[in-house]
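Labels A, B, C and D are assigned to the chains in the order they are written; within every chain, residues are numbered from 1.
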Amino acid sequence: MFDLFSDIFTYRDNALTRIDPRVKLLIALAALVAVVSAERPILPFGFFVLCLGTVAALGVPAKLVALRLAAPFSTVAVLVVIHTFVTGTTPLFTLTLGGWTLTAKAEGFRQGLFLGNRVLGALSIVLLLGIATPAHRIFQALRGFRISKEWVEVAILMYRYIFVLLDRVGDLAAAQRLRLGYRAPRRGLASFSALAGATIVHSFEQARRTHDAMRLRGYRGTMPFGPFPALKRRERGILLLGLAGILAAYAILEWGVAG
Amino acid sequence: MIDQRMPIRTILATAVLLCALPSPAFAMHIAEGILPLPWALLWYAVAFPFVAWGLRDLRRRSREAPWFKPLVGLVGAALFLISCMPIPVPTAGTCSHPSGAGIAAILIGPWLTAVVASIALTLQALFLAHGGLTTLGANIVSMGVAGAWVGWGVFAAARRFGLPWFAAAFLAGLFSDWATYATTSLELAAALHGEGSFTTMFSLILLAFVPTQLPLGILEGFLCAGALKFIRSRRPELLRAVPEGGTS
Amino acid sequence: MRAVDVREVSFTYDDGTEALAGIHFRVEEGEFVAVLGSNGSGKTTLIQLLVGLLKTNAGRIEIGGREIGSLEAEELYQRVGLVFQNPNDQLFAATVEEDCAFGPRNLNLPEAEVQKRVTESLAAVAALPLRGRAIHHLSFGEQKRVSLAGVLAMRPAVLILDEPTAGLDPAGEAQMMQLLKKLNREEKMTVILATHSVDMLPLFANRIYVLDRGRVLQEGPSEEIFRHQEMIVRAKLRLPYVSRLMYEMKRHDGVPIDGLPLTIGEARAQLLELIPKEMILPGIEESGS
Amino acid sequence: MRAVDVREVSFTYDDGTEALAGIHFRVEEGEFVAVLGSNGSGKTTLIQLLVGLLKTNAGRIEIGGREIGSLEAEELYQRVGLVFQNPNDQLFAATVEEDCAFGPRNLNLPEAEVQKRVTESLAAVAALPLRGRAIHHLSFGEQKRVSLAGVLAMRPAVLILDEPTAGLDPAGEAQMMQLLKKLNREEKMTVILATHSVDMLPLFANRIYVLDRGRVLQEGPSEEIFRHQEMIVRAKLRLPYVSRLMYEMKRHDGVPIDGLPLTIGEARAQLLELIPKEMILPGIEESGS
């Protein structure tokens, strides 16, 4: 779980990481809107292939991608199961479970697959965004969109100190494990709540020290942000192109407008 | 298209089948892409005033006390980590995580919990593929609004009724966890029931959660109480640092 | 018997950092071994592999003759105990006593035995008077000792310490090293410590492994290790100050010094050989120390 | 002018711990002063008083000739800059560049000036290539240097460092001390550092204050300080290893050594005087260092 949080790829230099985060964010949002409002499976699937292909091309290890996709994949599985047994009329097969009979239905199965397909499409877009843009650049972009300064400031601090606390909490949890703190469920729960409590205590102490350090460098309650440069011509071009491309794809695949 | 006469046992059996899947039904948050656009926007609209009011609160208090934002940021980081910690009890399955909304509401109050939850959920969506950007609003509502207010309310009420803080914290953790999942089920059912019955879908999803969430809620109750006990025994003065949490 | 046997072990973190690259590392029972390396050389990674917190990508690790993966947690943690670098990260109970009792209680020992172990382990680190104190009121040096006691209460055969003297003042450093030496010599405990401070090692460690960027540069008793000045510098380390003085005198001034004295005692003996008797002032308080 | 003037200052924490008891502490502009003391001797407390994080219970603190309470926060933080012991406390932005720009931006400087200061301060600590990196991807040594850069970007007249070399390996330690020396000699920055490691100090510090349980035990240039072996031991410190060797030879073996050499260079010179010329082997590579 903790190892998933590796953002090393966002700091690599490539064509995608160089694009202004505002542009990427807008394009990603447009793509998400397109995917979740799509009525046919082809558009989400197209995004899935495109984004995952790009992720692979960026050299992100397959293991990492698989790890990140594992939980959503299980969501997809659940969706398919629920819909298969609950929705529809045309029987596919029946299943006997402890005396109860369940009938799988074709429409439900298709409906489930459709939803699953949408999840994967949307997810791969966000995955790509998260792999091409470091967190602080996304925060910056949000600030560019006039998201509250307080929100961005707290988000920056949270993001930074998640890593600091993670180191300490990781050690703490390891120390508990090495002294068999998780051997039996009851003691495990006690260790676990001590761990949670210790994390909070650490965070309060760290907050005091961090605020001291901030104060000594002139902090008076608001974090100063650098100026936000206007989008360059090239970036405006990318933005227009990206949005137009998504719109065109949507028009062709959803409305059947021939190009 | 859901069969209106579907026997309750079909629902139960489906729920049992779901439990056989390798991971709990919907993990903690609604995954990216599940909600159709109108529902996604609706939940954003519901979440917005809570987060906005929380931010207003934050702005006001950090004007009085400049250390307040770093404190919220750090406590937020801690809560983020806690909500990522796999619960170490084998019976609850491998992928269960506490929601942390109850302890957060006790520590920093429900308004700020909504703010912290919105940030934590954004980070998880972007970097951990947990939850999502389109479902962010819905997830904020279930965790940062429903979970936080229920947790806070239960704690405050239990204290008012003279329950010891340990019991109050337990109940707060328990009910905030359940409230979070109930809200999640409601959001899912509302969006997914299609032309079928909302109540059938809702009960089905709720049932799918029950086998994992019922015990998990209890565990979260113990976690909430245990964590608070730890803080109280080691650094009681810290609980007074944020006077508008539920502990004062 | 061999306490720890690490053969051809590599480890790469998820983000691609190769922290260890084909390491051999062997410790016999009762030895006092130091892993010496600069920041980022892989000491902590090696240690975490030894206690099972990380799993090797390649190679084999044996603890007390058994493959580490085949050991139950309960068994493993009575064979190896790890003292973390930052005591704050290890002390999670409210009081000293509770913290020391944490491990034994998890072993489901009867309460009398738990108390006995707490007493013994606190006594071993000279921290008995701290027994009832709250953890966060302890000084840094006290915390370090208490965190060691918590691990000793598990009675591990092998004691592993990550930078045990980091952050301690000279008196605390000397006390900690003496303590470890006593555990090693009197209690026959196998001690493995990771560090990048060199001055004390020659006095304590039987053997030293020099780590650099995930590889073992050299291995042997301290006299052997510190003879290779270039290797030491390559590993971003340095000679103990006393040896550095002797090295420079030998190398640059042409003073005929045998080998390379590592400790103050050795250096003194050698220098006295070189200084003519008639220069030495009598009477000031002969010998002593 | 006097950079820092602390007169008769005491400080007691809320819980009743008397951390400082009537201290005098004076630093002239351009000096390099070390505060030497064991764990808990009050170094951090003194430092926090100097930068205004704590307020004295009794006594007077002047920074650059003005009473500390009378200085505006903005003014004070351009006179004194504090580098914390743990770089994590201080690196709160997401990237190196943003962290360094934090201070200058708080001063409302124009963006061009902010960027100039970031570049200069990163260059001063040899960390320019790290500019775009995320803080949590830096190694410990890099974090230490970047946190120093963030303070330098405020252009403080007095630079205060709490244990600047703690946790660094020998190479990192030497680099950090050289860096501070350069800032002191070339940029004429006043440097005050708190530490309990003694070996490097004689090479760098003009003057040393020895602190023990909230009191100044002694104050003076390093030759002066380390001449008092008992005082040093009382403060739970020790002599630099080289001096210890020389001290023992002088004291116990009766070797006639002048004063007490503190550095390897000094010890070498003195020892060479004592060793007869005819014993020295010619040819091995004379002088050099």
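Just so we're on the same page, a contact is a pair of C-beta atoms (placed from the backbone, for glycine too) under 8 Å apart; a residue touches a chain by one contact, two chains touch by 3 or more.
The structure presented is a predicted model; accordingly, all values stated were derived computationally and were not measured.
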{"item": "Contact-richer chain pair [B-C vs A-C]", "value": "A-C"}
{"item": "Cα-centroid distance, chain C relative to chain D, in whole angstrom", "value": "28"}
{"item": "For chain A paired with chain C, centre-to-centre distance based on mean C-alpha positions, whole Å", "value": "42"}
{"item": "Rounded Å distance between chain B and chain D, as computed from the means of their C-alpha atoms", "value": "48"}
{"item": "Where chain B touches two or more other chains, by residue", "value": "70, 230, 234-235"}
{"item": "Sites on chain D at which at least two other chains make contact", "value": "92"}
{"item": "Interface hub residues of chain A, defined as touching at least two other chains", "value": "7-8, 135, 156-157, 159, 161, 164, 191, 194-195, 198, 206, 210, 214-215, 219-220, 223"}
{"item": "Listing of all chain pairs that touch each other, if any do", "value": "A-B, A-C, A-D, B-C, C-D"}
{"item": "Partner chain D, residues of chain A touching it in the complex", "value": "7-8, 11, 134-136, 139, 156-157, 159-161, 163-164, 206, 209-210, 212-220, 223-227"}
{"item": "Chain A partner contacts - residues on chain D that touch it in the complex", "value": "48, 51, 53, 73-74, 77, 81-82, 84, 86, 88-95, 98, 101-103, 105-107, 111, 114, 132-137, 150-151, 154"}
{"item": "Interface residues, chain D side, partner chain C - complex", "value": "37-40, 139-141, 166-172, 174, 196, 198-199, 236-238, 240-242, 244-245, 248-256, 264, 267-268, 271-272, 274-276, 279-289"}
{"item": "Chain A to chain C touching residues, read off their complex", "value": "3, 6, 8, 61, 63-64, 168, 171-172, 174-181, 183-184, 187, 191, 194-195, 198"}
{"item": "Residues of chain B defined as touching chain A within the complex", "value": "1-3, 6, 9-14, 16-18, 21-23, 25-27, 31-37, 40, 51-52, 55, 58-59, 62-63, 66-82, 84-91, 95, 98, 103, 107, 115-116, 118-120, 122-123, 125-130, 132-134, 192, 194, 196, 200-201, 204-205, 208, 219, 222-231, 234-235, 238, 241"}
